[in-house]
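Two complexes follow with chain A in common, the first pairing it with chain B and the second with chain C.
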Partner chain A sequence: MRNNQYVDFYIQVRETIRQHSCTVMNARREEAFRVFSANGFPSIKTERYKYTDVAQDFAPDYGIRLSADNAAHTEYCRPLSEADMDTEPYYNRIADTDDSIVALNTMLAVDALFIHVPRNTKARHPIQINNILKGQQDTMSNRRILIIMEEGAEADVIITDHAADQQHFLTNQVIEAYCGDNSRLNLYEIEETNLMCTRYSNVFIHEGRDCSVRHTVLTLFNGHTRNACRVRMAGENSATILNGCVIADKMQRVDNNTLIEHMVPGCSSQELYKYVLDDSATGAFAGKILVHKGAQKTSSAMTNANLCATRQTRMFTQPVLEIYADDVKCSHGSTVGQLNDQALFYMRQRGISLHEARLLLKAAFITEVIETIPLEALRDRLRLVVDKRMRGELSKCEGCRLC
Partner chain B sequence: MEDVAREFVNKDYEYGFHTDVHTEIIAKGLDENVVRLISEKKGEPEWLLEFRLDAFRYWQTQEPPSWAHLDMPEIDYQDISYYADPTSGKKDGKDGAKEIDPELMKTFDKLGIPLEERMALAGVAVDAVMDSVSVKTTFQEKLRENGIIFCSISEAVRNHPDLVRKYLGSVVPYRDNYFAALNSAVFSDGSFVYIPKGVRCPMELSTYFRINAMGTGQFERTLIICDDDAYVSYLEGCTAPMRDENQLHAAIVEIVVMDRAEVKYSTVQNWYPGDKDGKGGVLNLVTKRGHLRGVDSRLSWTQVETGSAITWKYPSCILSGDGAQAEFYSVAVTNNRQQADTGTKMIHIGKNTKSTIISKGISAGKSQNSYRGLVKVAADADGARNYSSCDSLLLGSTCGAHTFPYMDIHNDTAIVEHEATTSKISEEQLFYCRQRGISTEDAVSLIVNGYAKDVINKLPMEFAVEAQKLLGVSLEGSVG
Partner chain C sequence: MLEIRNLHATINGKEILKGIDLTINDGEIHAVMGTNGAGKSTLSNVIVGNPAYQVTQGEIVFNGMNLLEMNTEERANAGIFLSFQQPVEIPGVSMTNFMRAAVNARYKALGREQLSAGDFLKLMREKRKLVELDSKLTGRSVNEGFSGGEKKRNEIFQMAMLEPDFCILDETDSGLDVDALRIVAEGFNKLRRPDTSAIVITHYRRLLDYLKPDIVHVLIDGRIIKTGGPELALEIDEKGFADYTAL
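Take a look at the complex of A and B:
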């Protein structure tokens, strides 16, 4: 049992963690420990973890930091221990407490980042959180973010992952976001790490009425990644957009798992996930739209398109619809294929080399996701990064001055 | 088409009668002795008994599957009788063939199954199976002239043991799944078809299954072998009496398709679906699989699923011959408290293989209807091509329609497409029909028939008419 190392570790350091952490987080810690020690890591027999070998990813002996992260204080962003409101009714409430990976985070996270946008406030600038993985030994970090968007609040949140050192880093991230009535949240996650990094991310979003939520997850360079996003639409007339793109080659693995729950009538959701796989990369997409009984007038569309460039690539896709209401319009489409021969031929006729033509087509394929991003500056930057990535010039993070 | 629907719209399950015929039923319960007894009653050779016993021992180590989107009642396997023989009342005739009880003949006449040669005009050879025994197989002589073997599997074990031994369990091994293991241990009758090289079967072959006896299950086993360049179209139909208890039907169908051969397999499944409150009905837990071994071989599954309280059925294709083509067309209708979890698997192994999946689900009442499918392209399956489309239609706000498609692609030259939609009947279409004086119920029937047309058109003529009628009956009372 590989989860034993985490159980033993927690028993040893339980008191240290409690001392460094805050009451709100400590209150949920023991319960999470019970869940984790009872369930252990999910095996590939668990439907939601079918495409990811969790136990293997968590098997190495990682160092775990037990002091709080030195997060900056800004207008809307501070450590949870210094929260400007009572966060007890929010912390670890919408997260799936039965999920072992989430439980492991709840059990080991020392501090959380708290983003709070008050009522009818619009954050003028995007809130950017850069996570830079540094260290001289293999490290696991348990990152926790709590976002509260009050009624009518608006914000763009950009979370980036970079690795500065060539070490094995394991990130276990849990984000909980509450979106009050009539709020707008654009959440971007951009991963540009290295082949030795493993990332587990669980995002939980709860929406009130008339909300607009957009979650975009871009995996540009990674080792092993599993991103899960679960959206619960509990208020009428809300709209959710989940987009994602993946560029993977070598031995990279990316697994995106989404669940959108339509609990009430009149909401809409859209999903678009695109993968470009090369070398021996493995991609997986498991999306599910669940329309509860009575959630009439739901409109939902899920699209997953994938490009496989070599014989060694593997692509698993599983777009699921589960519908218990009759007056709905739901659709999903999924394709796995190659670059269009005619388009390649067209470009070659015009003197563009095969290599360049392939790059152009791949970039165009991915661009469909990038173009949906409303932030112009981010969009421009991502176009550049994607182009560099396709050309193999993005082996480590771009633009940071650490290395 | 609406005439057809109107004609049947006020009918309940019309095959719910019971035939009073002397039936020999063995005691309820399942252990090794029961398996031995079944084997003994059928006068089976030693190797088949061993096959059954191996399957039984394996079954005992397994748990029933729980992954399907079904709320399945717990089945007490010791409360079922595993062998019922309605032909036991008659002594063997001179030529070794059993004479048929007139009551049995009446039953099949009532069901509209032509057992007599006078029905030659129908042009269909029938193997009629009631409970655990094949009652009669027609047109055997005529088929034999072409070298075609069409008989019950028990007869095949006696007369063609080499063929049966070679192919039995080669497509669905007894370790395949829980219900396949159970079937392999206790299977009773089913049909055996062998089409020799280069022969185009001159008539449609058909098997009709009926559960009659109480407290029994039916465990039929069908094996179809289509040799090089041969062709056969095979039909399967089924009914059962109305009973308050759940009856178990766990069948296996194995199809082997050789070089350039073609098999068409059509099913109209109309087991008793239980009453409006979900009481009784047949639990239809079936493993069907075709192995396309030959180059350019073809197999097409067409199914219309209207009956059964629970359907757990995934007719699949293993495309291992280069250039093999497989098709799956399905209409699944659920009403009241019926549950269906059905779909297909297309496993591409050979090069330039092609598969098509068209699935139409219609759910009404308080039913749950799921499509579950897998498209797998192996690393060597260059040029594999798949197109899947599964649509669901919802009639009423208390039913559910679900889609669980899986795609595992291990090859860069594969092109796999999947699309699915779920919606209700368009108000505009209904309004259009109503404007023209068509009642709501007829309009729904009309629209549903149009929706299912892609699949129904693939059925042989006689079946298509029956299927259309069934759609009307199954959806009766679901509108408004």
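Take a look at the complex of A and C:
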């Protein structure tokens, strides 16, 4: 399949897209089209895409929606077209505009969701966005979210992905989040889709000073997934936590790619990504911490721990530190291990079946990430979901009438 | 209860047990004493079915069942319990979830109804008191952050929960101070029914003073070279194994 099926498609429908979209998004569309048509899909020779065959994931003939969605309006959340401020200086600015996948999104996205938490305002309830993939034909969605946290703003944002129908769904998501000075953002992404779903996510976060940002990405059930998260810490004394967990089995593939840039002195960052792979699943983690010149007193720790339950699983891990300052504290570590035979034997001696013992150990491994989640209700629910997932009972999300 | 005939076993190709014969009747407590590396722990691991060990010859019959044809969990659910010399820490698996999975499996094997969540917690509380195990510990991950003594008490607590017919205490006394030893030993004595049998593996007499074995075996270099009454333990305590290892 040729890359330029998307180029041809865009040329045919660009006017329709423009009509259904808004000025801010249209303003960046042609530039994105030029980038995408010039570069095409990145090959696995591109370092940050080396674990994912992008062209193959985008090859199928997907239907693409050309009209705006009726996104829900809540206190802090509305369609970008109805933004309560000028978003032109923010839309597609911190996103990596040279990245073809991002460009494809910018080129094809018809609508965007705008989350705006004003100055010194605390969103009392978590803002939850549930994406439910439905339809009777194979569909690609280009989801776009712009988050602006003004100075001193606080919010929890939970974004979930579900699939209601057994079709091939391709999601290409771009999130840009601006965190003003002294703001707090907890952003969660939870994927519980199915084997026929492919997800590309590119998250860009820009932090001012004294920020507290936490991004947690949980891949609980999927087909092929590539999540990228790039954080730029541009103000002093900010703290970033990037956590992730992956449960994958069968032929599932999950690739997490992170970059944290320390631009200025005195910031801290922590990363913890844990994978449990079973059957013939493949996982990849590539994390980079880039400490720029002058970013003294940076404190950073990156950990990627992986459990491969069978010999058929594959895990690729690549933790990288790149440091141009001389007074920093940075660490990175990665482990790939198997289930602990002694623990399995101990449990079996107590009458617990091998199957159940493996389940308990796999769930225990992931627990460390779940327990870092500050939202108690979410944590409790995820404990339950993880247990069900491990038992193979997670095909439908519980309590949801749509799926 | 348990009948072992001409048992040979290896680990990583090395023969450790070189022909063990042992008969344990209902209600009997047998002590197995011997030097380091004589095969005491191998014997217990082979009885409970540790997959790391290979049985090359011989048989083990437990209440009429051929144990060697059963996997580890089937043996456990048939009523065999090993109190580990070094209990494993299992971070992230809570004592409660672990114990519930084990009790459910055992009850199923016994044909009993599964306990409700409330009854299960009540049972946990009740049995915990027996070995004076701190309630904080049952809220933690399995054995994680437990002291040596707490781990051993936790073993006896699990025994209390699972009500086995046959127990192996593998150096349960090691690492215990005098008070902890008394608590563990008295806990075991309170738990055992008249027909409960046990093998007690130890280097020392102290534990045997509490548990009062009916029969004492001396295991040296993979073979039982002497069997006697409780007085044999006293003799070994005084003279050591020198007389036997010289043979």
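Rule of thumb we're sticking to: the second predicted complex is superposed on the first by the 400 of 403 C-alpha atoms of A that agree within 3 Å, B and C clash if a C-alpha of one lies under 4 Å from a C-alpha of the other, contacts with A are read in each partner's own complex, and residues count from 1 in each chain.
In this text, contacts are C-beta pairs under 8 Å (C-beta built on N, C-alpha and C of every residue); 3 or more make two chains touch, one makes a residue touch a chain.
Because the structure is a prediction, the values reported are computed rather than measured.
Of the two partner chains, neither chain B nor chain C is touched by A:Asp86. When the two complexes are overlaid on their common chain A, residue A:Met347 makes contact with chain C while staying clear of chain B.
Once the two complexes are overlaid on the shared chain, A:Thr367 sits against chain C while remaining clear of chain B. Of the two partner chains placed by the overlay, only chain B lies in contact with A:Leu321; chain C stays clear of it.
Between chain B and chain C, more residues of chain A are touched by B. Within the superposed three-chain model, A:Glu15 lies out of touch with both chain B and chain C [touch as defined at top]. Of the two partner chains, chain C is the only one that A:Glu356 touches; chain B does not reach it. Across the superposed pair, chain B and chain C touch chain A at no common residue. Chain contact summary for the complex, chain B toward chain A: residues 67, 69, 379, 392, 394-424.
Interface of chain C with chain A (complex): residues 48, 50-52, 71-73, 76-77, 81-82, 84, 87-88, 90-93, 97-98, 101-102, 105-106, 109, 141-142, 158, 162. By the touch criterion given at the top, residues 340-343, 345-354, 356, 360-361, 363-365, 367-368 of chain A touch chain C in their complex.
Note for the complex: chain A touches chain B at residues 47, 293-294, 296, 306, 308-338.
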